[in-house]
Amino acid sequence: MSGGLLEVRRLSRRFAAVDALKDVDFTVVAGEVHALIGPNGAGKTTFIHHVSGALRPDHGSVHFAGRDVTGLSMHERVRAGMARSYQITNVFPSLSVRDNAALAVQGRADAGSSFRFWRPVAAETALFGEAESCLAQVGLAGKADAIAGSLSHGEQRALELAMALATRPQLLLLDEPMAGTGPEESARMVELIEDLARHVTILLVEHDMDAVFRLADRISVLVNGQMICTGRPDEVRNDPGVRRAYLGDHL
Amino acid sequence: MTQLILEQALNGLQFGLMLFLLAAGLTLVFGIMDCINLAHGSLYMVGAYFVAAAAQAADSFWVGLGIGVAGAALLGLLLELTLFRRLYQRDHLSQVLATFALILIANEAVRAIWGPAAILLNPPEALAGPVEFSLLGNDFFYPAYRLVIIAVGLLVAALLYLLVAKSRVGMWVRAGAANREMTEALGVNVRALFTAVFVFGAALCALAGGLLGPLLAVQVGMGESVLILAFVVIIIGGIGSIRGALVGALIVGSVDTLGRALLPTLLRATLPADAASTLGPALASILIYLLMAAILFFKPQGLFPARA
Amino acid sequence: MAFYRPTRWQRPLALALLVALAALPFVLEAFDQAFYIGLATRVLIFALAASSLNLVLGFGGMVSLGHAAFFGIGAYVAAICQQAGINEALVAFPAAMAAAGLFALAVGAVSLRTRGVYFIMITLAFAQMVYYLFISARTWGGDDGLPLAGRMTLAGISLAGDRALFFAALAALTAAMVLFARLVDARFGRTLQAIRENETRMEALGYPAFRYRLVAFALGGAFAGLAGALLANLTGLASPNLLQWTQSGTLLVMVIIGGVGTLWGGVVGAALLLGLEEVLVGVTEHWHIILGLLLLAVVLFAPKGVTALFAAKGGGR
């Protein structure tokens, strides 16, 4: 498979005696929403860590926009156009929502260097304007002044998303954005992701199958560290190997 | 020349083994309780003072050593129960400050009780002289007392190895160093384990202090310089690892001793006298730090890190 | 934690303090207490040193036990400059800052790859290394330190008078505090504080955390060097005691009791500790014990003062 925005080739990683990931081949095509599913413990978050640069593989490589990024650190990959949101909410809880988003905007390569020692950030209206538009995109515009820790769980997940968006990525890695959200918040998140999918390529890790089948252009299934199936939703739904892996789970 | 080298090599071994006694206790406290203890050197100093005072009172080195070590262990117990127990859950900065405060108190208290001058600690009379032995057809002399220190050091190292690698308590200790929460969850009485580890570390400190007392000066502030070396040992060896502490201590002990003895001579042979006399001692004194930096560059977690 | 935000009263209070300090030497001379100008200068110098550590520790979150190395290097470079015939502070002081800052850059480059307990011990070890280097270097005075023949001149004005040196120190501290105040609110300060709170998140937002920490570490070192150069002028000696890790501990104590992570923590802490020292010395020669007990009490019973910064509690300023 060539021409993928993200290409993972033969990625392998062992932790002590356990093969967390084994010879994983994986491609995300530009413009698509590609969902990664699998039973608990399959290695999905570990996989995301390897794509985002938090972990380094024992073997294999990661290619992004035609470039081998396997040796790049996390922040370098972010600068290259990859952004991620976290499964466990990882915002700055005692900063305001606006400040959270502003930090994300400030970190962008085109926002200028942060090695500035004199001008107060509060004076940078452009920065905060941009932050507020990111917040508006995820529906948090009205909560800009609130302290992030005081938001509801679903709102915090939205903030997670806003911060990832603020980096203006080409590829968005969403690690269980729906984790812990109730039905209403889930539905809103799905709409949000649908909206975003129009101009960002998305790699979505999720357990919520309704969301997955609604959003995904393609689905890959990771079981015990190995990729057992990739294809369009209906192909995956009917694949016997996948059904076996999910025996006991809903599909 | 060979007498010099052999003597310095043995000195290095002896120093390294004593450093090991200090580093072992320290690395366990770091590794298991995740507690930084700057006052470890103070335990060494107080231990040496206890031994010296007891030895003078009992007019016997070995009795003094026994009493002194027991006294230091008791002090360690008191400290653990009153202070250190509360520090385990605190952040490193708090631990640094609290143990720094302990150093201030310990140094001043010792000065108040025994005065600022060094106090006397004599080695046992039977060991006061040199031992003669033959190696490769030549005759060498080496102080008997230092040989005994080496013997004690090796014995303790062997005992520690047996304890840590072969006993159940040792298993708990290793488990605790690798993963504290899990060890607790497995039902090990972690509190008692912590206390035992701390007290044991204090006893080792006192043993080292007492044994080195006749060779170095027993005086206020003796703990600080040795503490830094113990830190260097642990950095090189890896936190939480007894094996790392032994390897690190032997490396530091020999590099430091041999470096100080041989480097100035070496430099004088290769550089103009002027440069050599300034560079020699300076370079010798910072040799281990350069070594530490070099090791860290390739292995930031030390040679045998206990934690993943 | 929220971003550090000064209270409304800070700016007027700071200005009032500056005015009061500017008047202090004249007031002391009028009351025939000119002797205390030297003590006041000492407080200013340590306020600068402690504030430089506060940048590293309070704002950067780096528990460095080696800050004394930069302090001492500054003092030695000043003395060495004089030894080499340079008696102008406008040359010697920047030289001291540059030397200390560059050394901090080198130490930071190695140390900042490590975390937690390792970092603390490594900074300690490097500082001790500097200490051993200087005491074994006979050309630089060895054990006794390197004396200064006299005070330097600042832009031609001699610093020999107590008043002159006082104002030089006041100028240095003021300049540093102005820079720190701006820095904290600027992009760099915010980035640094955010990295202190959640480094992984910042890396995930594209910030090279290591670089920011390193710059903060080097800046802190440079300003400690400036303080050292001033101290050498005050005492007439670049003493190896300045390089001992117990000196690092003292600076750390100043920052903590003054309020770590607040803009004025270093200043307040230096004033408190040196003031306390003056008082306690009169009480007993074993005042270190009292200080130690007080410190223990602070750590055990006033935990907020120490840990408030490191526990990510809600509701900041």
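All chains are identified by letter, namely A, B and C, in their written order; residue positions are counted from 1 within each chain.
We adopt the following convention: contacts are C-beta pairs under 8 Å (C-beta built on N, C-alpha and C of every residue); 3 or more make two chains touch, one makes a residue touch a chain.
Note that the structure is a prediction, hence the values are computed from the model and not measured.
Novice: By number of C-beta pairs in contact, which two chains lead?
Specialist: By number of C-beta pairs in contact, the leading chain pair is B-C.
Novice: Measuring centre to centre with C-alpha atoms, which chain is farthest from subunit A?
Specialist: B
Novice: Subunit A to subunit B: how many Å between their CA centres?
Specialist: 49
Novice: What is the distance in Å between the mean C-alpha positions of subunit B and subunit C?
Specialist: One centre to the other, that is 32 Å.
Novice: As a quick test, compute the distance in whole Å between the mean CA positions of subunit A and subunit C.
Specialist: From the centre of subunit A to the centre of subunit C is 43 Å.
Novice: For subunit B, which residues count as touching subunit C in their complex?
Specialist: Interface residues on the subunit B side: 30, 34, 36, 38, 83, 86, 90-94, 96-98, 100-105, 107-109, 111-112, 224, 228, 231-232, 234-235, 239, 277-278, 281-282, 284-286, 289-290, 292-293, 296-297, 300-301.
Novice: Considering only the defined contacts, which subunit C positions touch subunit A in the complex?
Specialist: The contact residues of subunit C facing subunit A are 1-3, 179, 182-183, 185-191, 194, 197-198, 200-209, 212, 215, 312-316.
Novice: For the complex, which residues does subunit C have touching subunit B?
Specialist: Contact set of subunit C toward subunit B: 57, 63, 65, 110, 113-114, 116-118, 120-122, 124-126, 128-129, 132-133, 135-139, 244-246, 249, 252-253, 256, 260, 286, 288-289, 291-293, 295-296, 298-300, 303, 306-307, 310-311.
Novice: Applying the document's contact rule, which stretches of subunit A touch subunit C when the two form their complex?
Specialist: 52, 54, 73-76, 78-79, 83-84, 86, 90-96, 99, 103-104, 106-109, 113-122, 147, 149-150, 163, 166-167
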